[in-house]
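Chain naming follows the written order as A, B, C and D, and within any one chain the residues start at number 1.
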Amino acid sequence: MRTGLFVIWGAVLLFAGCGEAERAEDSAAVPDAERYGGTAVVAASYEVNSMNQFASIDEISQELQNFVLLTTLIRYDEDLQPVPYLAERWDTATTRAGLRLTFQLRDDVSWHDGVPTTAHDVKFTFDRIKDPATAYPRASLLALYDSAVVSDSFTVALYLTRHPGFMDAWRTISPMPAHILGGVPPAGLRHHPFGSESPVGNGPFRFVEHRSGDRWVFEANPDFPEGLGGRPYVDRLVYRVIQEPTTLLGELIAGEVDVYLVVAPAQVAQIEANPGTEVVTYANRNYAFINWNGRRTFFQDPQVRRALTLAIDRGSIVEVARQGLGRVANGPVPPFHWAYHTDLEPLPYDPDSARALLEAAGWVDQDGDGVRERDVFKASFEIKTNPDATRQEILTLVQADLAKVGVDVRPRVQESQSLGQDIMSPERRFDAFLLGWRADFNLDDRIIFACSQLEGAYQWASYCNPRVDEILDRVAMMEDRSQALPLWHEYQEILRWEQPYTFLYYDVRANAVRQRIQDVQMDIRGDLLSVKNWWIAPADRR
Amino acid sequence: MTAYIFRRLLQAIPLVFGILTLVFVILQVAPGDPMAIYMHPSVAPEVLEQMRENYGLDQPVHIQYVRWLKSFLSGDLGTSLTQNRPIAAILAERIPNTLLLSGTSLLLIFAIGIAIGIVQAVRQHSKLDHALTLGALFIYSMPSFWLGLMLILILAYRVHWVEWWPEALKFPPSGMDSVNYDLLSTWGKFTDRLDHLVLPSIALGVSSAASVARYTRSSMLEVIRQDYIRTARAKGLPERTVILKHALKNALLPIITLLGLYLPFLFSGAVLVEVVFAWPGMGRAIYDAIQQRDYPTVMATTFVFAVMVVIANLIADILYAVVDPRIRYERERR
Amino acid sequence: MSASGGNGSRKRLSAAALLPGLPQLLRGQRRAGLSLVALALSMLAVLVFGFDRVLATFTVGRIDYWVAFLTLLAGLAAAWWLGVSWGRGSSEDSAAGASQWAIAWREFEKNRPAMLGLYLMVALYLVTLLAPYLTSYEPSVIVDDIMRVRHLAPSQDHLMGTDKYGRDVYTRILYGARISLSIGFIAVGISIALGTLVGAVSGYFGGVVDAVLMRFVDTLISFPRLVLLITVIALFQPSILVVVVVLGLTLWPSTARIVRGEVLSLREREFIEAARALGLGSPRIILRHIIPNVLGPVIVAATLGLGNIILIEAGLSFLGLSAPPPTPSWGNIITDGREYLVEAWWVSTFPGLAIVFTVVSFNLIGDGLRDALDPRLRV
Amino acid sequence: MSGPILQVENLRTYFHTADGLVRAVDGVSFNLGRGETLGIVGESGCGKSITCLSILRLVDPPGRIEPDSTIRLGDRELTRLSEAAMREVRGNAISMIFQEPMTSLNPVWTIGGQIAEAVRLHRGVGRAEGRERAAEMLGLVGLANPQRRLDDYPHELSGGMRQRAMIAMALACDPDVLLADEPTTALDVTIQAEILDLLCELQERLGMAMIFVSHDLGVVAQIADRVIVMYAGQVLEEGATEGIFSRPRHPYTEGLLRSTPKLTAKLPRLATIAGSVPSPKRWPAGCRFHPRCPHAWDRCREDVPPLLAVDQPSRCWLEEEPQRRTRRGEAGG
């Protein structure tokens, strides 16, 4: 509900997120043995759907799966380069059809019921993802993968078509236990009690209890191999759902909650002012945009779209609606990405130029009602968004800004599901809407801007530029970044000028952390990235 | 009595059936697609079709209706689209929580409401009576979520302008128990649960308590005028006995019928209060389900809500019969 | 007390022209006098202090300005006209056999809290209609330099402070009254009309019609109301229209029950028998003879329902299921401000108070009406 | 006999309402001897019931017994007793039976419980003894199968049985004085007679004094030793039953008697008293009966008559000016 829509499709990146908690300096002084114990409470305003990889699509479920309950084959280091995790090492070999990727798994990781984690689990997971009957929501992660072959208990080979960032999938897919789920028919996996009643993992924490709508409780897994860091420091990890932000803030201040994920921007100042809590921020992968429906007369003209962007005070939006948590955007490539065009300035806030552009395009207020017209068309339309407080605030500001240049906006909040249905319908039932994308490390924008996708479900802007098509096609298969970079830059320059979207801002994530939790590291790789290293000094334990 | 209960149960059947049909119709008429949550660029259209088929959403409406009724009659409430688990399992977790919250509220409503109503009736037209009437009216006129937020700010969060609030009167603002609940002793568990009940049950119940007080006051005033109260006084009974023994039981009769009225109201209020206080009950289950177009969950939860209301009305009627010997008599004679 | 000679009436005319209510005051009719004085003075105050905004009516040409203008004219006219005519023939009126309504009004008049509620409500509606004259700000316009004007504490410039967009909270509450009250009024209108009709038909015809309609009513009543509202509104997209219609369509069953009960007892009474004997058709009997006779309880239910709907609307706003922003309904204003309760308490507190006072006044009126209209409760 | 058991002197009970002062009982005095039955007669609204309730101090606010009123029970001045001491008197020394047996019993408690309650309170006995006494009393008032009746609820009894139960309750603590406020009015004629017989019999057996209030002169004639006639909150005439009935002195008494059907006398038609009882908010000046009195003259409109004559005092100026008696009055209004 909250995240709206997000794109996840691969590539590798250069630029790392900036935020890492500034932790207590003397933490190093505490001997390792004293760090064990205590309960850490993580809370957010949304529910975790399931521990079942095959069913869940929400961000927080994936974080709990990948960092708490399960283990991924690889992880990223701070430079976003793959490093071993469950897979001790891997190598690649070129085959006739493409590429063979062989993973050598650790032999000391076992499922929480004692059964060792083996290559069969990897193959099982791979096969189920590829099976359409499973209806795995992120199946496109492995679109260019072909098959998996187990060569021995801890070795598995994967055959794939060569493409940039092919390793990225294994950062987000955790193998699932074949000995438990192997006998379940693919269509039934989604409903298996594994998801929320009896998940069995192989990660640093074991499942204890789930109370729907309330909490997930995990406890330290004492058998977690030393090679992966051993038993986590905290005894228990609790995830709580507290829907109302005011209540959640109250619990944080009262000390009942240690980590508050995705703080409402309005609350940042209060958390910073409160002794004992601090805010950890980092630039994440999301950006917000307004999509103009290119099939409508008004939005067909790039000049008009540019005028609209010039008329919107995006700096103010970041200041007011996001409390400064963001950065004015100039295109679809967020700053974390290696292809980000650092020298490209976003279009300024310039209502006068906006008026001039609109006038040049023939949009003039003829009847003196404050709204421009051209022929029989009026510069008046609806912008939809989903029921998210920040998005509604932005819409309110956008409406006020555009009114100043003679463009009438009717904001409309529409519940996510039916909004999704409207914007994806072949008839494109909207004038414009405000949502956000999450750009993955492996960026591929063809589905949203390519001419070939004009009738597709996601080409909402109905934008078509042959040069953009060419660039996107080429970078998608180009493994050499130095070769791809100029193309990426050109792409960003074109979109800045033509504005198929009005790119509003790149998101900065804010999480609140109580200071008693030590060694919290949160960055673009994940909020729970360092959860197994979190520790609480004995005096601070509840 | 048994025959009476049985008859009432029979009468409830068309009611429940009507509610189910109503919900089904509303959900069918409403725009929006339950599969929309799975729509994003990495989900292939074939995958969506596959899921639609898995859930039986590709069938014509009347088939879906009959199928749903059938499975419902065989005790299968279906599977949640979003949580991917049997709805019966979800409700089994949530119903006791909502019952605990609304039960506590109900207790509070009647205990406080009746006590205040009695005080008001006994001291009719006094300053205290007027003050309580006015206070009740104001509380009754407050939006419950607003009251909830205020309670959190003052009682739990203690914002800077209420720092004077005593630490001992601080109550946890969310959840049903502490995170270390399962590690507590039995007594610790009990007090912990009680602590967590304070704020939500107040927010949920206080406006109904105000209206119970109003009803009790007028009912009590009516009863106090009755001849048998004069008889009781003429016997030389102390005023306490007259009020608490002779007047109260009679005054309570109309109040008991309110029970049946308040339960749907409490369940409604539970939606807002459970959201504000992060109480994992049915109200939030249905709110989330509606938001996510989880049709089977909406229908099952609604059904359970309706059944609970019907049961509540039944209990209210039986209770009425227990308290009022006249009714008991008539029923036995029949 | 009536002025018999031309001399007395001329004196009264001049006193009334000087200040409406003055003659009533001189005659010792304090309540009538003070109400008129208050009405006249407040209208004059609006005219004097908001003169440029009154003038703006002719240049802006917006419909709400014209509504305000007409209200102002009507208010002034009413004050002076009533000042002359009110209370002239009162002694004669009361002597004759007064109608049921006149009796009820006399009962109501004696009920001080109810009268207070009535005054509050009249004031509320005047304020709502006059909104454009009472503020120099616009409810939804956001100025350029937001960071400078947002979250200003209450002051002379901004009576109730400003919100996170720097909009004047007082202005938004003024305009919000219009939204909240109209939602209440229309929804109650729909539910009363529907409920009365269904109740009357059900009670009058009885039998199968009654059984079917009442089962339907039972179904709707045993449904937790907010759950039903949330379901329907969420599914059909929240907008003012949807909220109004859905509220109206879900709240009628209780009215239907009340009306049915009344009709059942009325049906057996002589005048209905007489009408039937005269050969009048059923629709005519229902419309002309039954419905007027059940109006009393219906009006009471409507007044209490108004307060209730304002509360429900606020709850729906909290769940994001009411009029979408920037429409300033009271519920929306509270919801907008709740994240900033600690830094800017005024944003949520004032609309909250507006709700409380409005609902209190509706409830006071409703209780007063019930006491006045129900002869059984008269002591 | 050692003087009267109950002495009421200048009893005034006023209601201080928002609409003005209501002088419901306005200077009533009488004595009640031990074992004596005093009848109080008068039309409804003349203050009979309020007089009884005043004796028990059970007048609800805004009603109040005015200062200088005295009600003496033996040597106790009831108006000055504390509320707690007064509770000791109620149901113990003085008890009361009410007009409406249908509504005077609490519908949600059993008969036995309601009777035993008073016994346990005043006698300080336990549950079992209270129950025993209740059964005994029910037997005393002539209810068949008293043990079983104990657990009945009031609605399970007929009107006559309920009044018997009320009497049982009133007599359970052997009161010295029984106030019977129109105990038979609401009952069928046959049952009326039974209840009257019961009351007479019980009074003789238990030797208590009784005030019997009724608007029915026939009933009063049957049961009372002495009668006072009340009108508009005052005593208009007082005397031995026989005297009042055979030689009424006050025109009001005369009127009352004339409007009572008699089986023996043969009158062409039943007479009535013209007009109705005036509003207690505004008693007429002078003699309160004068607007309805067939003999009234100027003096009656201006001066308030005292109770004149000794053996059968009457509050009427005719006592002083008997020649004023008119023919018209004889014929009846």
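Following the convention adopted for this analysis, contacts are C-beta pairs under 8 Å (C-beta built on N, C-alpha and C of every residue); 3 or more make two chains touch, one makes a residue touch a chain.
Small disclaimer: the values here were computed from a predicted structure and weren't measured.
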| item | value |
| --- | --- |
| Between B-D and A-C, the pair joined by more C-beta contacts | B-D |
| Of all other chains, the one whose Cα centre sits farthest from subunit D | A |
| Nearest-to-centre chain - CA centroid comparison | B |
| Rounded Å distance, subunit A centre to subunit C centre (Cα mean) | 49 |
| Distance between chain centroids, defined by C-alpha means - subunit B, subunit D (Å) | 54 |
| Where subunit A and subunit D are represented by their mean Cα positions, the distance between them in whole Å | 91 |
| Mean-CA-position distance for subunit B and subunit A (Å) | 38 |
| Overlap residues in subunit C, where contacts from two or more other chains coincide | 234, 237, 338, 341-342 |
| Per-residue multi-chain contacts in subunit B, two or more chains | 31-32, 149, 153, 275, 291, 293 |
| Contacts with 2+ other chains: residues of subunit D | none |
| Subunit A to subunit B touching residues, read off their complex | 1, 5-9, 39, 41, 47, 49-50, 52, 55, 57, 132-133, 135-141, 187, 190-191, 193, 195-197, 209, 211-215, 217, 236, 238, 240-244, 246-251, 253-254, 256, 415-418, 420-421, 424, 447-448, 457-458, 542 |
| Contact set on subunit B toward subunit D in their complex | 226-228, 230-238, 245-246, 249-250, 253, 323-326, 329 |
| Parts of subunit D lying in touch with subunit B, wherever the complex brings them together | 53, 56, 58, 87-92, 95-96, 98, 100, 103-109, 117-118, 121-122, 153, 155-156, 166, 169 |
| Sites on subunit A touched by subunit C in the complex | 245-246, 264, 266-267, 269-270, 313, 316, 319-320, 387, 389, 392-393, 395-397, 399-401, 403-404, 411-415, 418 |
| Residues of subunit B defined as touching subunit A within the complex | 31-34, 36-48, 50-51, 54, 79, 82-86, 89-90, 93-94, 149, 152-153, 156-157, 170, 172-176, 178-180, 182, 275-278, 280-281, 284-285, 288, 291-293 |
